[in-house]
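Data block below; observations after.
All chains are identified by letter, namely A, B and C, in their written order; residue positions are counted from 1 within each chain.
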Amino acid sequence: MGKDGYIDTFKYFLLPFCLFVFGLFALMLAVYFSASIPIFKHEGLKIYTTNAWIASENPNKEFYGVLAAIYGSVYTSVLAVLIALPLSISFAVFVIDYAPRRLKEPLIVATDVMAGLPTIIYGIWGAFVLVPLLKKCVMDPLYAHFSFIPLFSFKPVTGYSYLSAGVLLGIMVTPFASAIIREAYRSLPFMYREAIYSLGATRYEATKILIKQIKPAIVAGLLLAFGRAIGETVAVSLVIGNTFNISPSLFAPGYTISSLIANQFGNAFIYKYMVSALFAAGLSLFFIGLAVNILGILILRRYGHGR
Amino acid sequence: MILAEKDRKSEEDALEKMAKMRHAIETIDLNIYYGDHHVIKGVNLAIPEKVVFAIMGPSGCGKSTMLRAFNRLLELNESTRVEGDVKVFGKSIFKMNPIEVRRTVGMVFQHPNPFPHMSIYDNVALGLKLNKLVKDRKELDRIVEWALRKAALWEEVENKLHKPASALSGGQQQRLCIARVVAMKPKVILMDEPTSNLDPISTKKIEELIYELKKELTVVIVTHSPAQAARVSDYVAFLYLGKLVEVGSTVDMFENPKEKLTEEYLTGRMG
Amino acid sequence: MVDSLKVRLFKEKLFLIGIAVLTISTVLPLFHIMFSIAANGIPVLLKGGWDFITGTLAPPGGGLGGIGPAIVGTFILTVLASLMGLPVAVLTGIYAAEYPNSLIGRATKTLLMVMMEFPTILVGLFVMDIVVLPMGSYSAIAGALSLAIVMMPYVAVYTDEALRNIPPKYREGAFALGLTRFKVVFRVLIGLARKGIMTGILIGIAKVAGETAPLLFTAGGATRVYFAGLNRPVGAIPLLIYQLVQQPYTNYHEIAWGASLLLMLIFLAIFLPIRLSLKEVKL
């Protein structure tokens, strides 16, 4: 019953659909949990703390540790964010304040197309074009001259590596981060622009001051970009090299959680525990993604840049 | 109070005096377009040094737009176009770098706009730091205090200089904006309806400040209120639909307006 | 003093050049991608001709054949996903918009935004567990359900925002006529918000038509059979590309390029008209 004594039938008609969505989400979580239980019983939390992939016909010999994949996911996503940071801020500032008027709209449309482009398109381009390009122009020269630095210490044999995945992800998430930063920057009241220029600031100085005012939106944009990067599957799995490996070197191949799932699931059902191990990996991806995204959304909402 | 202190010379005397003075700002056939819209139509105006000069008129007459031409702030908006010339102390502002113009001609806005993410101190220090007007921290401290005293804000913020500016009241924020400008020691300060968003007590404080400021510099204040123009200004220009209707000493114009439009505006039949 | 101004102006110039270069770097990959896809894809389409669209896959190492089953599959999956996802999405969006201050309304909005960012591979994993395992086979139904879950939050968020953007006077006017809430929403408000809702639906469709990860363990893929029933595996263009790229055969790589060109054209054909008719989109 409502306050004034009538029943809001409309609300009760819609409510089941809402609850269905909540139920769906809860069911997903429940499925990941229950499907992960066998591996937890088999080896406990070692699934997350070790790097191993021992598949065997004999269940007692099976042992899985997805640390390499978690490491690779975080490593490549951090790389992506590091690439997206300067690009997305520059793009937002340039498009709003400095681009010639006729270029503004086309530039924004271009990034919107990038944000929506099917990820498999990035994948095929990454595997056949970007990886050879990076290997030839970046990895080989850096390895030849700077291999004493741990970051460059791995000999780039194929080019499939953390770096390739990080760069590809960076290209993919930049438009997305930039859209959030752009909206916040655009909505800065004009009076602050007037204030800083009236004090005799150059455009460089003015931009520096104005950008500081939207720091929360930048943080949120990059968090959400990180969330996208860590959840991306097919594009990454085509360029990361799919190797159980924990290396600081940018040129080493590796795994990410999602590419591990994509790669191993096909034959996982032959073994007793592998499916469960992959679900446990999915569970960790679920929580990392959820935490990062909720944080990003809350920051946006709190500082009034909510979408 | 301010009116009473003014010497009541004849109209001719006042205009003669105006002509003899060095001009802080002079406009020559100033035309401003906003897209296709002709906002300011052929204004010729000479603003003497060290006076308070009010530009009044009903809202939408182009006052604020014209004011922003004086420090080249209009350029922030791509769709505006300026024709004619504006001279600051005899020098065309279009032959100067906009940064130099804005250092000489400071501005206070309608909405108090200190940077909310910066401290009170940093807000005042901002222009000084940007323009590298100070040698060291000690000098900076000294000028910040001096400017805050000039803006009659020092006593109120002395103990919270490093608190964010957003913690101040609207009236205090506006005085902070005045301190921010004063700190750079400009020769002219433009004020765009500086009290229109403030309560009467804050308004009075700001008006007293304006009176103090003119001892050292020129204040050009835009207002839609004839009463405020009468209270604070020595000279006044009446702008209507982008055209300069009348200009002269405040006393004369209020006692004896020459144009019928002016009289209608002053007596409240318009605006 | 003058010198310090010169330094500042020099820095300003460097800054402007810097962000212009970075801006170009942001969009450059798009043009590189489009160029690469076109350069590698167009010859394949020309060589394959009409057969490339309608035919079935060639054997490894020999010829092109066609990607007909994948095109049919993408079409079937998208239609099915829309049928499953849209009603729930629109009604949930209405709830979030009509009860924006209630606990459930706010929570729904947050949940929708979280689901928009949800890793799509996990959706595939979920559907595999609840549909594919019990059925014992990959199927069109499972693939479509996966895509429906991916599509749902986009459509719901667009519906929510389209309704919120209706000026209150229309709502008040409709209530003032004595209409029930049902009629106000379904007869009046939905009509006013239809452009926003349609946009959401089209964006959702463009999104899922290009999705790969949710189909990996659900749709199964098909390259020789166009459609064998809702409970049988079905192909999809993105899935096919993913599988072909990982094969060692050159002819399969060629087919992948051709399929990518088609997929990109389909995406642009849906997306560009929407984008150009609007000021902004959320992706």
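Side notes on the structure shown:
Following the convention adopted for this analysis, a contact is a pair of C-beta atoms (placed from the backbone, for glycine too) under 8 Å apart; a residue touches a chain by one contact, two chains touch by 3 or more.
Predicted, not measured: the structure shown is a model, and the values here were computed from it.
Of all chains, B has its CA centroid at the greatest distance from the CA centroid of subunit A. Inter-chain contacts peak for the pair A-C.
Averaging Cα coordinates per chain places subunit A and subunit B 50 Å apart.
The centroid of the Cα atoms in subunit B and the matching centroid in subunit C are 54 Å apart.
Computed centre separation for the pair subunit A/subunit C is 17 angstrom, with centres defined by C-alpha atoms. Annotation for subunit A: residues touching 2 or more other chains are 202, 205. In subunit B, the positions touching at least two other chains are 99-100.
Within subunit C, contacts with two or more other chains are made by residues 8-9. The part of subunit C that touches subunit A in the complex is made up of residues 8-9, 11-12, 14-16, 18-20, 22-23, 25-27, 29-30, 32-33, 36-37, 40, 87-88, 91-92, 94-96, 98-99, 104, 107-108, 110-115, 117-123, 125-126, 128-130, 149, 152, 156, 180-182, 185, 203, 206-207, 209-213, 216-217, 238, 241-242, 245-246, 253, 256-257, 260, 263-264, 267-268, 271-272, 275-276, 280-283.
Residues 1, 4-5, 8-9 of subunit C are the ones that touch subunit B when the two sit in their complex. Only residues 101, 189-202, 205, 209, 212-213, 215 of subunit A touch subunit B when the two sit together in their complex.
Listing the residues of subunit A that touch subunit C in their complex gives 8-11, 13-15, 17-18, 20-22, 24-25, 27-28, 31-32, 35, 86-88, 90-91, 93-95, 98-99, 107-125, 127-129, 171, 174-176, 178-179, 202-205, 207, 224, 227-228, 230-234, 238, 258, 261-262, 265, 278-279, 282, 285-286, 289-290, 293-294, 296-297, 307. By the touch criterion stated above, subunit B contacts subunit A in their complex at residues 71, 73, 76, 78, 98-100, 102-103, 106-107, 109, 111, 113-117, 126-127, 130-131, 177, 180-181, 184.
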